[in-house]
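These notes concern the structure reproduced below.
The first chain written gets the first letter, and so on, giving A, B and C; residue counts start at 1 in each chain.
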Amino acid sequence: MKNNYKLLDVKNLRTAFNVEGKDVTVVNDISFNLSPGEIVGLVGESGCGKSVTALSLMGLVPDPPGKILGGEIFLEGKDLLKFSESDMEKVRGKEIGMIFQEPMTSLNPVLTIGKQITEILELHQDMSKEEAINEAIDLLKLVGLTDPELRINDYPHKLSGGQRQRIMIAIALSCKPKILIADEPTTALDVTIQAQILELIQKLSNELGTSVILITHNLGILARYAHKINVMYAGHLIESGTTDEIFYNPKHPYTAGLLNSVPRLDLDPNIELPTIKGEVPNLAEFNEGCIFKTRCPNPTNDCKDGKSEMGLIEVEPGHLVDKCCVNCK
Amino acid sequence: MTNLLKNPLTFFSILILSILLILAIFPSQIAPMDPQKANYDALRSPPSRDHIMGTDYVGRDIASRVIYGVRTTLIIAFAAVILSKTIGFAWGLASGYFGGWFDLVTERIVEIMLSIPGLILALLLLAGLGSGKITVIIAIAVGGIAGTVRIIRSSVLSIKNMPYVEAAKAMGVHPIIIISRHIAPQCIAPLLVIASASLGGAIFTEATLSFLGLGITPNEPTWGSMMAVVAENYLRPLWWIAVFPGIALTVTIMAFNLIGDELRDRLDPKLKGEIKD
Amino acid sequence: MYKYIFRRISLSIPTLIGVSILIFFFMRILPGDVVDAMVTDETGALVFTDAQVESIEESLGLNRPLHIQYLGWMKDVVAGDLGYSFWTKISVGEHVRRRAPMTLEIAVLSLIISWIIGLPVGILAAINRNSLRDYISRGIVILFLAIPSFYAALGFLIFFVLVFTWRPPVEVIFFWQNPIQSLYVALPAAVAIGTGMAAVVARMARSSILEVIREDYVRTAKSKGLTKRTIINRHVLKNALIPVVTISGLQFGNLLSGVIAVEAALSIPGLGVLLAQGLADRDWMIIQNLVLIFAFLFILINLLVDISYSLIDPRIRYD
């Protein structure tokens, strides 16, 4: 199933937000790709630009204040950034589905579950009302909801967070999109429900052949579900590779720091967890050089002076690391 | 201050309010004529060079009457708002802080007063008290008390359970001191917001009362009573008698509304939309 | 649901009793009273002897103790008898029956106008936020919020009389007698009141829509590929409606104030003019019964507003 065909190829994506009259680049020169059926993780801490990257792919960056400054997003060879708004409407929901972090607020409280599923089927699949209702019931069965015939007449407030996220998955996958973007799909859920939802996403990805971009701040999730991992830091992609490479052979000091700061059952619980020193720089004030220079364990003089230039280089086949920090660890 | 002038609407309203203030303080220096002096050589004359806004049925200069009307309008509106907000503030503080049967009774009274529209309450009072400046002020003020009590009371209820208030109570600080030092200062912002938002409404109510012939004594020029004259003579309406006081009234209410909006946005964005007057 | 409505109505009874006590004692305790108004001339000098005054008081039942008078009034109200005008001796119920239809027509029309103008203006301003259209509609809203309705009515009057040599009708034509003729009387009044209310509706609709547009479920709707129009119509409007309905209900007070002054401006013989006249004459029976009716309507409208919430939002259920 995995091959080298690039279903999605993001090149040098740059997205900025206007903050008090100043453009702040929050997604800076991001490039990555996605093959059919693959689950790719996008990991980083809050505010690193993961979600904005996802919204850029969907053409949903709120404008104003947001704006895509440059780059290319090829979906099956066509650049989405050159699409008109009405062309993008045919991509959203049909070619790329998306689920969000907050299942409690992501469904419209005044519309029935059924209506919220059938409207997308009627829109993209040219289904009649009845066909759409039957399909919606099948979709609810697929995502493991009990009594789907009754559920479609319910309003979202009657369902739990986990149930709502299942419905979001049903909506996102209803038109058999090629790509599913899952933006922190389990962050707001109980731990036991988290596993169920992720298992469901993995199972459906296998069955339907959907590629998944799994956005999370939780490395543990990616270890279990992702084929490849992209690590983001303060708007930059700083390391990218297969899950095994990232976990067993991290090159960037930030990736290594993240891995070390994950609590583990096989280590002495009395030893304090290592942390990454320092803080994420304020992007509005950051001027030049390596974005990681303020927290780097071994910065060179060039790094400190802001003379180093960022950019990914290949250290092993398929394993890319930002060139400033290849040897900083 | 420079920040305040950046918004053209705020700049406009401050400009209007300054002009109104000057007109209210120095009407006799600015008005071209005595507003009360009848001129039988110029009855019902349309706007002309001598009378830029024309004259009324007994030849009094409309422009001068509009200018003298500013003072009456502002005095009544400010006095009514200050009176109603002071009473409402004290009542709301006491009711929210002490709770118990006093609060229960307050809630009932507020509910009863809010189910009679402000203008009708004012009309009721005026019918009972007779007309005059003081009674108009009281009549307008009474209609604004209940809403103030409700808003201040709810602010007090949210502050009352803060740990620092609990701590002061636990230390045995006298209730009067707790209210004046810990609670009242926090209610000043919402009070200012509702007070400024009520000014436009108070001006509107005063004008309506005079328009209905229930305002202050008929001789003193008020915008509402000037307009009423035209409604009474509707078969031959002299447009200038009503149009100019009406413009003055509209612009004044607009300026106060805009200042109220600006204050609300600055002091208490949470209150947005909860105020009506 | 019916249980809730029943409970709300029974809860409103103490409020109404409170209102009636408030009105009654306002009228009786405050200095001015009907006999004073009757027996004095314009300068306030007595034109009757004390004995005559007493006999007038007796014929009006004013020499009874206050609580007896009050209980008598309440007994009559419950029995559906609103008493007789002190002056005209015409039954207040008859006055209301004659005048209420016109006032009701004006009120309903004003409400309709406020929605059919206010809602679209609010929607357009919100979806074209910070565009020229938004600025223009906000400017108009600021202006219409400030124009007193009786001034607008006076403006219509002057315009129609001077330009079309129009004459205000002498008698009231009920809607069911001749709708066109009836609208001819009611529409100018309704436009004068309705445009001001429309400004309030438009402002609330705009801010409410702008708030809903930021909700997560609107982002979900976008991610489905729905068009902007579908998103606004299907996902935004219904959610944005509750604050608009609320403010519309709260405007009932403004509506009543507006009706009183606008009826006076256009010489329309409705309930508003009746109340103003009653106040000028200190005709207690008219005043106390009319104000009680207004308060009752106000409470009723608030109940309707609360019930409408449950029709808009399935999360709100009154069980």
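Note that in this section contacts are C-beta pairs under 8 Å (C-beta built on N, C-alpha and C of every residue); 3 or more make two chains touch, one makes a residue touch a chain.
Just so it is clear, the structure is predicted and the values come from calculations on it, not from any experiment.
Undergrad: Among the chain pairs here, which one is joined by the most contacts?
TA: Counting C-beta pairs in contact per chain pair, the top pair is B-C.
Undergrad: Relative to subunit B, which chain's C-alpha centre is the most remote?
TA: A
Undergrad: When the centre of a chain is set as the mean of its C-alpha atoms, what distance in Å lies between subunit A and subunit B?
TA: So the centroids are 55 Å from each other.
Undergrad: Which whole number of Å gives the spacing of the CA centres of subunit B and subunit C?
TA: 21
Undergrad: Over in the complex, which subunit C residues touch subunit A? Could you list them?
TA: 215-217, 219-227, 230, 234-235, 238-239, 312-315
Undergrad: Can you list the subunit C residues touching subunit B in their complex?
TA: Contacts found on subunit C: 14-16, 18-19, 22-23, 26-27, 29-32, 142-143, 145-148, 150-151, 154-155, 157-158, 161-162, 167-168, 204, 207, 243, 247, 250-254, 256-257, 260-261, 264-267, 275-276, 279-280, 282, 287, 291, 294-295, 298-299.
Undergrad: Taking the touch rule as given, give the residues of subunit A at its contact with subunit C in the complex, in rising order.
TA: Residues 58, 60, 86, 88-94, 97-98, 100, 102, 105-111, 119-120, 123-124, 155, 157, 168, 171-172 of subunit A touch subunit C in their complex.
Undergrad: Note which residues of subunit B are touching subunit C in the complex, please.
TA: Within the complex, subunit B touches subunit C at residues 9, 108-109, 111-113, 115-120, 123-130, 200, 204-205, 207-208, 211-214, 227-228, 230-231, 234-235, 237, 239, 242-243, 246, 249-251, 253-254, 257-258, 272-273, 276.
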